[in-house]
Structures are given as structure tokens and as C-alpha cells.
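The structures considered in this document are given below.
In what comes next, subunit A is part of two complexes: it sits with subunit B in the first one and with subunit C in the second one.
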Partner chain A sequence: MTIGMKRPTRARLADTAGRWGFLTPAFLILAAVLAYPILYTIEISFSEIDIATFMPGEFVGWDNYETVLTDERFWYALRVTLIYLVFALPLQLLLGFVIAWLVNAEWRGRGVVRALFIIPMVVAPVVAGGIWKMMLDPLWGLTTYLLGLVGLPALDWFGDPVLAMGAIVLIDTWRWTPFVVLIATAGLLSLPRDVFEAAEIDGANWWTTLWRITIPLLVPVIAATFVVRWLGAVKMFDIALAATAGGPGRATNVINLFIYQEAFRGMKFAESAAMCVVVLVITTLLTGLFLRGSRVLEARFQ
Partner chain B sequence: MRGSRLGHRLRVGGGVFVCALFLFPVFWMVLTSFKAPRDAFTRPPKLFFTPTLESYTAYLTFADVPGRMLNTVIVAAGAGLVSIVAGAMAGYALSRIRLRGAATIGAVILLSRGVPPIALAVPMFIVARQLDLLDRHITLILAYCTFLIPYVMWLMRGFFAALPRELEEAAAIDGCSRFGTFLRIIVPISLPGLIATFIFSVILAWEELLFALVLTSREAVTVPVAVAGIAADMTSGVNWSALCAVGTITVIPVVIFSLAVQKWLIQGLSDGATKA
Partner chain C sequence: MTGKHPNAIRLTRRAALGAAAAAVLAPRARAAGPEDGGGLGTAEKPISIRVMTNDAFSKIWQTTLVPEFNKKFPNIQVTVDGVAYSEQLTKSLLDLSGAKPVYDVVITDDPWTPQLAQTNALLDLKKDAAAWTDPGFDWADFNPAPLAASEWKGVQYGVPVRSNMLLMFYNRTHYRKAGLPEPTPKLTWAEFMAQAPKLVQDLKGEGKPNAWAIDTYFGRDQLTPTIWQAILNANGGKLLDANNKAAFNTKDGVATLQTFVDLLKYAPPGAKNHLFNDSLQSFRQGQVAAMFMWGSVYRGTAIDPATTTLKPDEVGAQVMPVGSALPGTHRGIWSGVVSRKSPTPRAAWAFLQWMSSKEGEAASSSLTGGFPARRSTLAGTPPAPWLAPVFATLQMAYDVAEKGQMWRPRLVKSDSVQQVLADEVARATSGEIDAAAALANAANRIDKLRL
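Up next, the complex of A and B:
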């Protein structure tokens, strides 16, 4: 709407202030509660901490990092987290898209089914962990009974390291798949119909259509969904705490839970800060990488 | 649509079955919450029993659930309000106002969503302890802003970007200030999206565990902390009726709210996730 005339400077300044004014509240809050704590964590990670005053004391250089990086338990927790991610995320994406396809079948009750899928998504993760702990109980649990009906033995979900990880993945998948279904549904609905009609006329079978047309068209949505799920999964804490408390042994002790225990049970704040910084660096790098990857995929397949 | 009738029916049936499967644990929780302990621990598990409010009456008073509920409401509503106001304004700025560096800011916000909360909880605990701010509602509200504000910014940015530009141009011609335009034009037409985003933020705050566990101890304790306490109580064995009663109370309001706004929720969440 400008006519090429230079506006007076004061009005201009006021305009600039007005523009940035919108960002000010968010900026101030995030600077105080997001940026400052991160910087403070970095400071603590290079210091000793006095439990009596809770102030970072003497500068100790890389000592805390050395302690942490030579701690086999830290690496173990990272490994456990990686195992969880490697199983849970692909499973949830696959299930989510398959279920979205099922749910997208056109019939009268479609809207209701889709709405009901919101329910597991809003169950507090800690409650989800609790309910499933009850359902999977090897003695009184419902699943144990159902397995018994088909002649299968009781599974010691929380006593066996592999099964415990299975339980964590199962609970997490129950809680998060509906979210993937929701996004996938939107993605499936936005697919262009004419392409499929053309493929049908050309005599392409179901399998070819799926691999040659549907999946390539869905790649941007799949990538975006993966990123969002990743952002949620790096926060994994509640379910593990409620269902297994990290056990048996340390089999399901995901990194967030491990740092929590070290800091607040072990009172090792300086070492925990160092772990936080390491984890922060890893997750930020991976998030950046995934974001970039999803952009590239989006550009290539659109 | 193409495909055989049988195939279609199978697909519909499959969808309904999977949906029922996903809802079952919630149903089982509500059912168990009405069981007396002797009915909760049986083989085979009981589907029919004499319902009782025993676990509600016994446990709710014992664990001070009403007090914790009130804390959770205060914290969730407070955090939801602060972040919807700050986040929507910032989201508007990023989507509709030409700002140098808006793309960078957007990228930083997205990256910040990948910050593990424990990396903030540790320093926050230390700072809150120094400032004597532990166990206060305001501390928890601010802590929740760390993930809610970026979340709201992200969702609302996409939402505002989809509005037609003519809206602001007309308002500018009428001599409306930028903030006036936002308040009088943009907010009213975005109300459904704002409400859905607000409700979803409240839900996220309502369910949060880690910060609540770290930053509260007696006065400001929230319900998820109580649930974690019951679930982790190994000494007396898990009290399932209590767990289910508290779980049900936690889940019911959230389910009602989210179903009430499900149309916008579905739209908002799927847009927020896919529109980069």
C-alpha cells in the first residue's frame, strides 16, 4: 500500500516498535525460563555445587564431563533411550498410517470413530503407565488372563529386561499412535484423487499404486509426523517412571529418568548438569538434522 | 468409491475394532475404579461386580486429591492463559508482520521444542531454591511456559498464515493500529483456533509430571505427582482401585473438554504438525 513516499522517522520507529512489540512478551518469558536456565546449566556443568547453599562454586573445568562420560551408567541410559526410540517411533508411524487408512473408510460413523481416537491421546502419560502396569500384571492382570485363555504362559513384563522394554514401547505406542492417526488422516484426505483414478485406468494394481504413488505422495507428511513424534519422544519420562521406574535393573532407565534420579535422588547436581548439556547437544543436533531432512524430502517429493 | 463391498466392510470393521482396542484401557480403568479391592484382584478378572465408590471416598480424602486438583487447575489454567496470550501474539508477528530474522526465530523455536525438560528442570530447581520459589504455583506456571509458548507460537503461526491478507489491509485503511487490528479483527475470527489451542495447552500442563515432581513438594503438588506416587508405591503393593479412581478423575475432565472441541482440535493439531 506504500506509494513510495518516505514516512517520517518517528512514525517509522513507532512502527518498528509495534512490530517487535508482538514478540516481546514471549521473548521476555522465554529468555527468563528457557534461555537463562540453559546458560545456567552450562555454568553449573563446569563448577562444583555446594549442597548447603545451592550455589555453583569453584570452576572445575571439564571434570564433571569427564566423570559423566566415563560413567558406564550414562552410556547405558543413552543406549536404552536409543533402543526405545528405534522401536517405538517406526512402529507408531507404521501403525498410525495403517489405522488412519482403516478409519478413513467412508461410512456414517467415521466422524465418531475419529473423535474417539482423541481419548488415549489426552490420557496423562503417568496415568497411562499406571493403567498398563495394572493390565500387564503377571499375576492379576487382564492381559495375563487373556494370554492364559489361548494357552500362553504368564509373561513377566516387569521382571524381564527385554519384556520390560517391550512394555514401555507398547504403552508409549498406545498413548501416541492416535496422535499419528490424526495427522495421517489429514495427510490421506489431502491426497489428490485424480492421480489414483489415472493409475486405475492404467491398470496399476493395489501394490504398485501403494509403492509408486501413495507413499511418495505421503513422504512429506510422514517426515513431518516423524519430526513431531521425535520432539515428543525425547521427553519420554512419565511412562517409564510409572510403569517400570527404570527397571528391572536399569533395563528401561531412559536418559531423562536417569538424570532425574542422579540429580534429585543422588544430589549430584553438577554431574547432572553436565549430562543435561551433553543430552541437549545431542538432541538439538538430531532435531536440526531431522528438520533439515524433512525439508529436503518435502522439496523432493512435492 | 472403488473396491469390493466386502473389502470396504472389512476396512470399516477393522477401524472400529482398532478404535475399541485403543479405548479399552480407559474403559478398564474406569471400571476398576468402581471395584472394591476384593473385586480388583480376582482370577478371572471381573467384568460384573457390585459397584462401589469406596476407592473414591477412601482415597480422595486420604491423599488430599481435592487440594491437588485445585493446584492442578490453577497451574494449568494459569500456564494456558499466559502462553496463549504471549504465544498467539508472537505467532501473529512471525506469520503476518514482516520482520527481519523471522525465519531464524522460527527455526530456533522449533529447535527449542526438542529441549529435554530435564535439562531445564535441574537449573530451575537450583534457581528456584536460591530465590525461595520452590513449591509455588507461579514457578510451575513459568516452567510450563517453556514448552507451551513455543507450542502455541507454532500452532498459531500456521493458523494466522492461512487467513486472507485483505483483512489487515482493510483495517489499516480504516486507520486501525497494528495492535488494534490484531485485537479487533484477527482474534475474533481466530477464536475457534485460539480456544482449541488454549484447551490443548491446558491439557498438556494438566498432565505434566517432571517439572511438578521437581518443583513442588507439599503446597503446590499436582495430581500427576499423586498418580506417580500411587503407581510407584511398591511397599504396600499397588493400590489399583486408588490408582484407577485418581486416574479417572484426572482423565474425565480432559476427555470432556477435548471431545467438546474435537473438530478444531483435529484441525489444529494436524495443521500444526504438517504445515512447516
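Up next, the complex of A and C:
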């Protein structure tokens, strides 16, 4: 009996040791590449940094956070980021799912279209920003030429604050919509066919099928895609850096570009670290909220 | 029996062994030790040095100037790495302050010497490297303005290797078609602003403007305020006072920023976002009559048909217009410094000596478009005929810069100051706030930096 009890215990221990054996390398790598930089950033955010050695110096408590939270420019950059997110995210989700739905239908050449959709995703964001900057240039850009063909004047895309934000949303949408299309296509393909066959037998038209069946079944996928895209979009800065450098004025100075400029141009590493921590906290809270929302939606529509 | 203690013999043997070991090791120690700076290499054992510089000219240095250097120093292998301007200061600081720096030579921009010097990782060239300095290396021959860029608190940390000054480039065809006289160094800001509307013209018969008066840095960038600073300095204004407090937030300061903002009325569409490349392209493609730009672009703008549509006789360059005090310009010197932790500082200094020598300056001017800093180079016969008027303009710009102290703040926090100015000047050029509000904000923020 005693022997019989020992065997399962040993087996359990061996099992646990085996699991930890596999997990440990991953934990160590994560600690090195993720936890250490985050902890170091937090340490810097409570210190004065010595630029001569790039090491945290004197502990200054909450001073850097106070500086950041009372800096109007920080809140302005957050506001600019919010504007960008409010326009870019819904647009990318809407376009992504609509395109996926269209591409999913049976028609000749859809394979080629699917392949073409991958191209923007493999273009580096800085390159995308640079190319679009050239294409939208009011002096020699392709869009100016095309507008001229239909008798429209050139638009000062990067000189006007509203158009500049529009351009950033446009470039980001061009780059990221294919990603949404990919996820949406996978979601559409995973939908149970029997439900659609039943709807067809019941005489449901395409609109009813879309509104009453497809979209409700896709809600968990839409919610998950939103969270994934949100996490990507909130850290966007390379497109803005390449296309507008945050201008005109500070119209497109999204928060990560602002932090980058304060750190690497203004050499304010400690304050920038504090900004990173504040943004991390805000992003974590909002992500938690969105994940909770997506679980609620999943429960309601599954 | 000699009466000597046996240990004495042992000590003598130890001493002899020590002396022998020292004799064997001494030449090696000299070859690799600090007193020799690692030597200059031999055919059997060449020395490698690594140079960090700006990516705008790293490639041409590697392919053009390094082979010229190797004609004189064949045993020093030089690798030139280019770094984007926006990351260059940070990378320089990180490398120099590291335990084992990768780079023996770091090429630094005009305002960075104080920041790099505070790492205590730079060689004092006149003291630490004096023994390795060629007797013919003439420090006094440098123009004071470019040499001062790499001096800090009385220590000479670097030498100018690619000198640059903000100049006014102009297209003679545009001025002729507008019926305006060609600009001269006596052109004032008032005259330029009066001429600007006439330089917005239809040169292609399209019935609408397709040529504009001016292009330069207008977008959000640390170099954009240098254009305004040139106007400010030309009118006798200063950025900071003796106590490093903002000195530009005055009626005259606001007027000079307004002049800069007003230039946009005569600039091409989209110019609010234009920086180095955009303004350079619009000038090189014949779309603007004038451009305020770094002089080193002259070769690619007027001479090299691969990079410009303009002909050499079409392009003129001179100092920027005259204000109430002086003509305008702005110093932008790239200087070379040697890492104190380099295992081969002598070879690194040999490279910089050659780069800043008359021979190196001649090669740099004719082959890469870089400008010299030596008086004798500028006064002598230029290595190419097109350089003659450029050298004359450059000498004038150095003199003006020296007189009007036309450079960015030389402080440990100079980049912080420049970033504040970049932010607020961009807000003024975009129309978000007016010139007075922009300068008030900038002054307030700079004074909070506790310089």
C-alpha cells in the first residue's frame, strides 16, 4: 500500500520536474528579454540618469512622474494617439472583415488577390511611411498627378494638421488591414457550415445570413482581432516618424514618437522612462478591459 | 668565500632574470602599450581601426577617402560605419562610456563635444596625443570657428574633418526670369522678402505657379531652428545669455521668427513638412529659386549630373542674407575625436590627422564635396575649378560665424535645448501658435532645463 502510494507521488514529481525543465529555458529567456528591460525602465524612472555612464544615479522618488504628469505635451501626445486609434482601428477592422468576406466568396483570381494582400504586411513600417510620403507629396507625388487627371487640386497632405493625421491613418490602414484580412479569413473558414446550410434551407437571404448568423458567430474573432490590433496600434511610431516626424507642429506626434524624441533627441531618459511606465500601465488597464469585454461578447454569442 | 650572503647571489639572479624578462618584454610593451599608442602597424601585422560617422557620408568615405589615406598609411585598415543622425549621439555616448568601446574614432556633430567630453572617454589631442602628432601638423592654420567646435573647457578633443556652414544657394535662371538681380553677399533680409513674391512664378507656361522663391528646413526637426537662429544672429540676437538663460524671447527675436515663418508664403506646396531631402530635391529639380542649406551639398547640387538637373553655371552660393548686424550663417562642423579606451589611439589619431591635413582636405573637397577648415586650403589653389567661388564663400561664412557666434548652444544639454526649439518652432511654422507664443514657450521650457 505504501509502495503503491509512493509510485504516483514519484511519477507526479517526475512529471512536474519534466514540465519545469521544459518551461525553465523559456522563463529565463523571457526574464532576460522582457522582465529585465521593464524592471530597468522602472528603476530609471525613479532615478536621475547619468548620461556619462548611462546608469541610474540618485533616487528621486516620484519626481520624474510628477514632471511627466504635469507636462501638457505628454497629455497632448496621448490625445493625438487617441485620435489616431479612434479612426485607424475601426477602419482597419471594418475593411479587414469586409475584404475577407469578399475574398472568401468563390470567384476567379481570388488566390492572386489574397497573395497581393500580403505585400503591405512585409513592407517595413519606416519604408511604408517613406514611400507614402513620396506618393502623397503635393509637388511630385503620384496622388497629385491622379487628382490632376480628374481636375482636382493637389492636397497638402503633410502641411495640414487634419490631412496629416488622415495620411497617417491611411498609411497605417494600408499596412495593417491585410493582417486583419488574414485573421478574418481564418475566422470565416472556421465557421460551421451546417448552420449556413440550415439557414439556406429556411430561406434566409444573404443579408439575414450575414446579420443574424455570420456576424454573431464572428464576434469572438472580431473581439480578439481588435485586442491584437489595439496592442499593435498603440505602439505605432515608425510610420509617423518616417512620414511626418510628428508634424505639422505636433499634429501627428503620437505618444511613442514623443517619448522617443524626448529620450533620444532631448536626452531626457529618466522622464522618458517614467512616460513609458505610465503608458504601460494605461495600456495594460485598457487591454484588461478589452479582454474582459471580449470574454463577455464570446459568452453572449457562443 | 667572498663574504657575501648566499641570498645576495639569489637576489642578483632574480634581478638578472627580471632584467632579462624586462628586456624581452619591453619592445612588445612599447609596441602595444599606451606610450606607443599601439603603433601604426606593419605589413606583416597591420592595425585595424573602426570609425563611427554619419550614414550620409560613411559610404563615400569608405570607398573614396580610406583608399587615399591608405596610400600614406598602408598598414592601417579603416572600417567606417554609418549611423543615422537621430541615433548618432546616443550611440556615440553608449560606445564611448562602455568598458570596451567598438570605435576608435567617433565623428561628432557641432554641438556634441561637451556631451561626449563629460564621459571622460576622449583623448586630449594636444596633450595625450602630442607625442604622436606629426611635426608638420599646423594647428594654427585652422580657422578658429571650425576648430572651436571640438574644443571644450580649454581642451581640444577633436579636429574638423567635414566642415559645413549654412549658405544661401540660388538658381540664376529663376532670378533672371523674374527680372531680379543676382543675389550678392550684401543682400538684406528686407530685400530678399521684397523679392520673394516675384520669385513665385510660372516658368513652364502652365498658367499657374510652378516655381517658388525658397525652400529649406521647415518641418519638425532639430535642424529647423538653425535657419531661424541664422536670422536671429544676423540681427544681433542670441539664443542664450551669459547665465545660459533664454535670451531670444524679445521683440526682435519674435520678429526674426516671424520672418522665418513668412518664408512659407513663398515656399512650394507641402513645404511645412520639408526637411533636408525635400528641400534639396525641390532645388535640384529647379522648382525653387533659393535654398538655405548646408554648403557641403554644393557638389551634388551644381556639379554632379547624377544627382542634379542643374548646370554648374546655374547655381550660386553665398552667405545668408544680411540682418541689422551681419550676414547670416550657421556652423555645422563634423569633428573627429579619439576614444581614450582605444587600443590603437596612435593609428586613430593618424587617420584624423590625415583627414584634417591639407592633403586630406583636398581629397575630401574634390572627391566627396566635404569642405576644408584650414585657411591655407581655402586660400590656395583649389583641387577643382568649381571649388574656387565655394572656398571664398566658405571663408566668409567662417569669419561671420566667428564674429556673430553663430552656432548651436555648446552645453552638456545642448540637444535638450535644440529639441525644445524644434518643438516650438515647428508649432509656429505649422500655424498652431504664433511666433510670440512659440518663443515664450521655448524660453520657459529652456529656463526649466537648468543649464
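Rule of thumb we're sticking to: the second predicted complex is superposed on the first by the 269 of 302 C-alpha atoms of A that agree within 3 Å, B and C clash if a C-alpha of one lies under 4 Å from a C-alpha of the other, contacts with A are read in each partner's own complex, and residues count from 1 in each chain.
Note that a residue touches a chain if its C-beta (ideal position, glycine included) is under 8 Å from a C-beta of that chain, and two chains touch if they have at least 3 such contacts.
Note that the coordinates shown come from a computational prediction; the quantities given were computed from them, not determined experimentally.
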| item | value |
| --- | --- |
| First, second, both or neither for A:D156, with subunit B first and subunit C second | second |
| First (subunit B), second (subunit C), both or neither touched by A:L289 | neither |
| Of subunit C and subunit B, partner touching more subunit A residues | B |
| Subunit B versus subunit C as contact partner of A:R114, first or second or both or neither | first |
| Which of subunit B and subunit C A:L69 touches, first, second, both or neither | neither |
| Partner chain(s) touched by A:G266 [first = subunit B, second = subunit C, both, neither] | second |
| Partner chain in contact with A:I215 - subunit B first, subunit C second, else both or neither | neither |
| Contacts of A:F54 with subunit B and subunit C, given as first, second, both or neither | both |
| Touched partner set for A:L191, first subunit B, second subunit C, both or neither | neither |
| Touched partner set for A:A245, first subunit B, second subunit C, both or neither | both |
| Subunit A positions touched by subunit B in one structure and by subunit C in the second | 54, 140, 245, 264 |
| Of subunit C, residues touching subunit A in the complex | 86-87, 89-90, 93-94, 97, 115, 118-120, 219-222, 268-273, 275, 278, 281-282, 285, 287, 412-413, 415-416, 418-420, 422-423, 426-427, 429-433 |
| Sites on subunit A touched by subunit C in the complex | 51-54, 73, 137-140, 154, 156-159, 161, 164, 244-251, 253, 261-262, 264-268 |
| Parts of subunit B lying in touch with subunit A, wherever the complex brings them together | 1-2, 8, 11-12, 14-16, 18-19, 22-23, 25-26, 28-29, 32, 40-45, 82, 85-87, 89-90, 92-94, 97-99, 105, 107, 110-127, 129-130, 142-143, 145-146, 149-150, 153, 169, 172-173, 177-179, 182, 203, 206-207, 209-210, 213-214, 224, 227-228, 230-232, 238, 240, 243-244, 247, 250-251, 254-255, 258-259, 262, 265-266, 269-271, 273-274, 276 |
| Complex contact set, residues of subunit A against subunit B | 1, 15, 18-23, 25-27, 29-30, 32-34, 36-38, 40-41, 44, 49, 54-55, 99, 101-107, 109, 113-135, 140-142, 145, 174, 177-179, 182-183, 185-187, 200, 220-221, 224-225, 228, 230-231, 234-235, 237-238, 241-243, 245, 255-256, 259-260, 263-264, 269, 272-273, 276-277, 279-280, 283-284, 286-288, 291, 294-295, 298 |
